[in-house]
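Below, subunit A partners subunit B and then partners subunit C, in two separate complexes.
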Partner chain A sequence: MSVRTLTINNIPVAIEEGATILEAAKEAGVTIPTLCHLEGVSDVGACRLCLVEVENINKLLPACVTQVTEEMVVHTNTPKLQEYRRMAVELIFAEGNHVCAICVANGNCELQDAAIQVGMDHTRFPYRFPDRHVDVSHSQFGIDHNRCILCTRCIRVCNEIEGAHVWDVAQRGENCYIASGLSQPWGEVEACTSCGKCVDACPTGAIFRKGTTSAEKQRDRAKLEFVVNAREKQEWTR
Partner chain B sequence: MNKIKFATVWLAGCSGCHMSFLDMDEWLIELAKYVDVVYSPVGCDLKEYPEDVDVCLVEGGVANEDNLELIRLVRKRTKTLISFGDCAVTANVPAMRNMLGGSEPVLKRGYLELADETPQLPNEPGIVPELLDRVLPVHEVIPVDIFMPGCPPDAARIRATIEPLLKGESPKMEGRAMIKFG
Partner chain C sequence: MDLTELLKIANAERNKQKSIRVHCCTSTGCQAANSLSVKNNLATAVKESGLSDRVEVVGVGCMGFCGRGPLVQIDPEDTLYEEVTPEDAPSIIDALNGGVVKPIQGDSQHPFFARQMRIVRQNTGKVDPESIEEYIAVGGYQSLYKAIYDLTPTEIVQEISKSGLRGRGGGGYPTGLKWATVAKMAGEQKYVICNGDEGDPGAFMDRSVLESDPHLVLEGMAIAGYAVGANHGYIYVRAEYPLAIQRLQKAIQQAKRYGILGSQIFESPFDFKIDIRIGAGAFVCGEETALIQSIEGKRGNPVPRPPYPAESGLWKWPTLINNVETLANIAAIIREGADWYSSIGTENSKGTKIFALTGKIRNNGLIEVPMGISLREIVEEMGGGVPEGEIKAVQTGGPSGGCIPASMLDIPVDYDSLSKIGSMMGSGGMVVMDRATSMVEVAQFYMEFCREESCGKCVPCRAGTVQLDALLTKIVNKKATMDDLTKLEALCQMVKDTSLCGLGITAPNPVLSTLRYFKEEYLELIQANNLDVSLTS
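So, the complex of A and B:
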């Protein structure tokens, strides 16, 4: 296996061929903000928070899905990137209906954390207030599309870890939403094993356990990690 | 020493931010040494928003004609205007009516469909202010100088925002303690 050497924020890194800039940054001890990235499942570059600048390439590249190349020179926290990251988070807030005060994930929300991380004290974009729905047809869980940021983590954990593929993205553009089954009520989707991995994966309060109210959502992220480690490294104890 | 002319206004919000302001407890006595409260639902009886206000905290989103008129007057007469709490910063809970689309479906839903007895739409022109089609965050209506999120912002955050202003400095609105929503 050949090794690639590159620099990230002037720190030299050597990493195996095929690794992503995000993995290389982790190796170098550089934190790049992420939102749609989830350890153990594939990356899609949906949220644009991990955009980085690479010298001699005049567009910004998502670190989670860009492979390293030899002598690549990467910058992860320039003023330009800070501004774009903040805009990305502001656009996510303006796009959906994110009312933190009444959300199950208040205080335990990766979108809220991202807003703090990028220094967002308000959004400069007008709120859209889209007409979205809540599906509580499942016996144990609910999905509130108002709070969904379309990161597609639920789709990926369900497909890649649980192997049930209950979720998918329906429609396109501003009408996109996470659909269960063949766009049926979640409770009617026979493929759903009620494992709850989507609840643990969801960064916001969009997918939740029924009966949880404001600021009560808990996630067992370690469960996802455990399943992935068990499979990949044959580590069967938790 | 010239005292700072200080005001607070309450638009479409629950008054929780003002309650949180009162949570500053004994520091309010300290604050009173530096400011004259010239307009406030919790600190002053004046009914007309005065001229030349130095600092004003604005709670609530802009939901009706009354809010709109007041916030425009406040902007004209205030040096430093602070969006105070999530309703002012994001329109928050009051704006959840925006998803119904327009003021008419909102009024019909509230006063006709959900009414138990004698359903009728409120109509007192000149007395009951007309609803705007959408509840808006303050900065979508007039320019805002400082944003203080929170539902409500706690007393420590309010103090940390106001205290630097008393010394002519700007507060640092960053980090979880200062800008977490909700």
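So, the complex of A and C:
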């Protein structure tokens, strides 16, 4: 195994070849905001929050999918990046119907966290107020599309860890939504094993356990990591 | 099939052809103007006038002057008839016997034709696209033979590199470098993809090439396959081009029957098969990674690069992906040589480029011109200028490009000059606008297009284009303030810098270029709002 050395925000880091900038940043103790990234599943580079500047490269690179190279000089928090991240979070808030006060994930929401992290206290863009639906046809869970940010984590955990492929994206652009089965009500999708991994993966309150009310959503995020470790490294204890 | 047989077919076809050929365009545009009836009536007229021994009527591909279709051209005397109706047919045939024709004759020496330089379109409008023999008769597939028997794959790649050919799909990446990368990649399986998912509003160059000369593209693909070590190719065509699909299917069948495609091409160990994949109506599938996902049967979403398709493309194998027009240049480069090709054009942009001239312009249609020609020559001399009033701007590069103001018409048309002024070569759409056109509305139109065509994967493109469209609509409706303009500028920069694929990255270009050259139009509309506010308050 060969090792690459680089600097992130002037902090020197050594990390194995093939690692991503995001992993190297974690090693260096530098936090890079993310939303679509989830430990244990593949990365898609869709939320664009983790974009970083790399010296001598004239475009911004997503830290989650960019591999480190020798002597790379990375900056993760320049004024330009701060502004773009803030704007991206503003766009996400304006795009859906996010009402924290009545949301199951209030206080335990990664979108809220991201907003605080990037310093977004209001959005300068008008709210779109899209007409979205809630599907509570499943016996244990529900999905509220109003709170969905289309990070596709649910799709990836279901595909890659559970292997059930209940979820996928339907439509395109602003009309995209997470479809269950063949765009059926979730409760009618026979492929669903009711494992609840999508609930744990969801960064917001879009996918929730029935019976939880405002600010009650709990996630067992460690479970995902445990399952992946158990399969890959044969570590069966938690 | 060997070279002797190929030449024999060519000779037989040439001997079969009659001394006077009446070419009637059967491409989509002219078909829509009833050219098939014209062709039938011409054939009947030939039969009735007893000229069948020396005159034949041939359905050919696009002649370029699409705004005046249906077009009929007499070969070899080079008489051109425009806007021909089925009723005109007898008099056209009569003219061959010394009769007088109704005044529908066009000027085949018009700058629109005279200024052109045809490499890609050398056969279009002259050969029947549904006949492989006609293609062979004009020297078709001899480049493929030469590539397989006289050149090594490395020599072909070197030849393409030396020619200076750059990608015609919009990016302008050096074709030879792309080929060399794929050729050098290890991999027991490689693919060649022809990107025929042309989707820019007002652009129809690739459609015309596929419809008018499908074998030229197949030959280019096979040479590419031989050069990079691929034995399987895909042509990805959008479903909106049914005639192109039909003619490609026919062309592939014909080539297979002659042993020019399939196993052991020209009795060599080289195998190459070509399949067609049909798009389902997504503009984003013209983006190479999305196109590959689509061929794999997945949702056509772009994926981050690197890895580039040359490294890990279709089903993770090294994949060469080139645009239709790029591949249509290959046969000529192999035949005439890289030095010949690189003698055409400018220092960094070699060869010719096809443009679709549309919008407020007298002569609508397709032209192929050498790189470096000035925009003014194209628009004013070849295109004949705007029908009424003055030119205001020319939009190049479609939704990814920009608007060039009339004051800059003297710039040479090449990759670098266009990107320097905030536009781009793009795939070749050229929309001319006159003084009556509102540039803010133009920007809004393209933004609406991008909003509707965004796949929705990444945040800046999915949510950003929606807000940009809303801001532009607000400005157009005279409801905007200076604050909105500031927001518009900031968001344009953000969407450009942070989007995942080319669609989002270039979506703000029409706004940015109109802001650069026509900012006063934005300001006027915003001031109009302030006036309303002060009047009502």
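The rule is simple: the second predicted complex is superposed on the first by the 238 of 238 C-alpha atoms of A that agree within 3 Å, B and C clash if a C-alpha of one lies under 4 Å from a C-alpha of the other, contacts with A are read in each partner's own complex, and residues count from 1 in each chain.
Methods note: a residue touches a chain if its C-beta (ideal position, glycine included) is under 8 Å from a C-beta of that chain, and two chains touch if they have at least 3 such contacts.
Given the structure is predicted, the values throughout are model-derived calculations rather than measurements.
> Could you tell me whether subunit B and subunit C fit or clash when both sit on subunit A in the superposition?
Because the two structures are overlaid on the shared chain, the partners are seen to fit without clashing.
> Could you tell me if A:227 is touching subunit B, subunit C, both of them or neither one (first, second, both, neither)?
In the superposition, A:227 contacts neither subunit B nor subunit C.
> Quick one: is A:107 in contact with subunit B, with subunit C, with both, or with neither? Answer first, second, both or neither.
It touches subunit B, and subunit C stays clear.
> For A:19, select first, second, both or neither according to whether it touches subunit B, subunit C, the two together, or no partner.
neither
> For the superposed arrangement, I'd like the angle with vertex at the C-alpha centre of subunit A and ends at subunit B and subunit C, nearest 10 degrees.
Apex at subunit A; the opening toward subunit B and subunit C is 100 degrees.
> Could you tell me if A:73 is touching subunit B, subunit C, both of them or neither one (first, second, both, neither)?
In the superposition, A:73 touches no partner, neither subunit B nor subunit C.
> Have a look at where A:99 lands relative to subunit B and subunit C in the superposition and call it first, second, both or neither.
The answer is first: A:99 touches subunit B but not subunit C.
> Classify the contacts of A:115 with the two partner chains as first (subunit B alone), second (subunit C alone), both, or neither.
A:115: touches subunit B, not subunit C.
> For A:126, decide between first (touching subunit B), second (touching subunit C), both and neither.
It touches subunit B and subunit C both.
> Is A:195 contacted by the first partner subunit B, the second partner subunit C, both or neither?
Neither partner.
> Quick check: superposed on A, how many Å separate the nearest Cα atoms of subunit B and subunit C?
10
> Residues of subunit A that sit at the subunit B interface in one complex and at the subunit C interface in the other, please.
126
> Given the complex with subunit C, which residues does subunit A contribute to the contact?
Those residues of subunit A that touch subunit C are 44-48, 51, 59-60, 62, 65, 80, 83-84, 87-88, 91-92, 94-95, 124-126, 128, 150, 168-169, 171-176.
> Tell me, which parts of subunit B touch subunit A in their complex?
Where subunit B meets subunit A, its residues are 83, 86, 89-93, 95-96, 98-99, 101, 134, 137, 139-140, 144, 147-149, 151, 173-176, 178-182.
> Which stretch or stretches of subunit C touch subunit A in the complex?
282, 284, 299, 301, 303-304, 451-460, 462-467, 470, 487, 490-491, 494, 497-500
> For a test of understanding, state which residues of subunit A touch subunit B in their complex under the given definition.
93, 97-103, 106-107, 112, 115-116, 119-123, 126-127, 129-132, 146, 215
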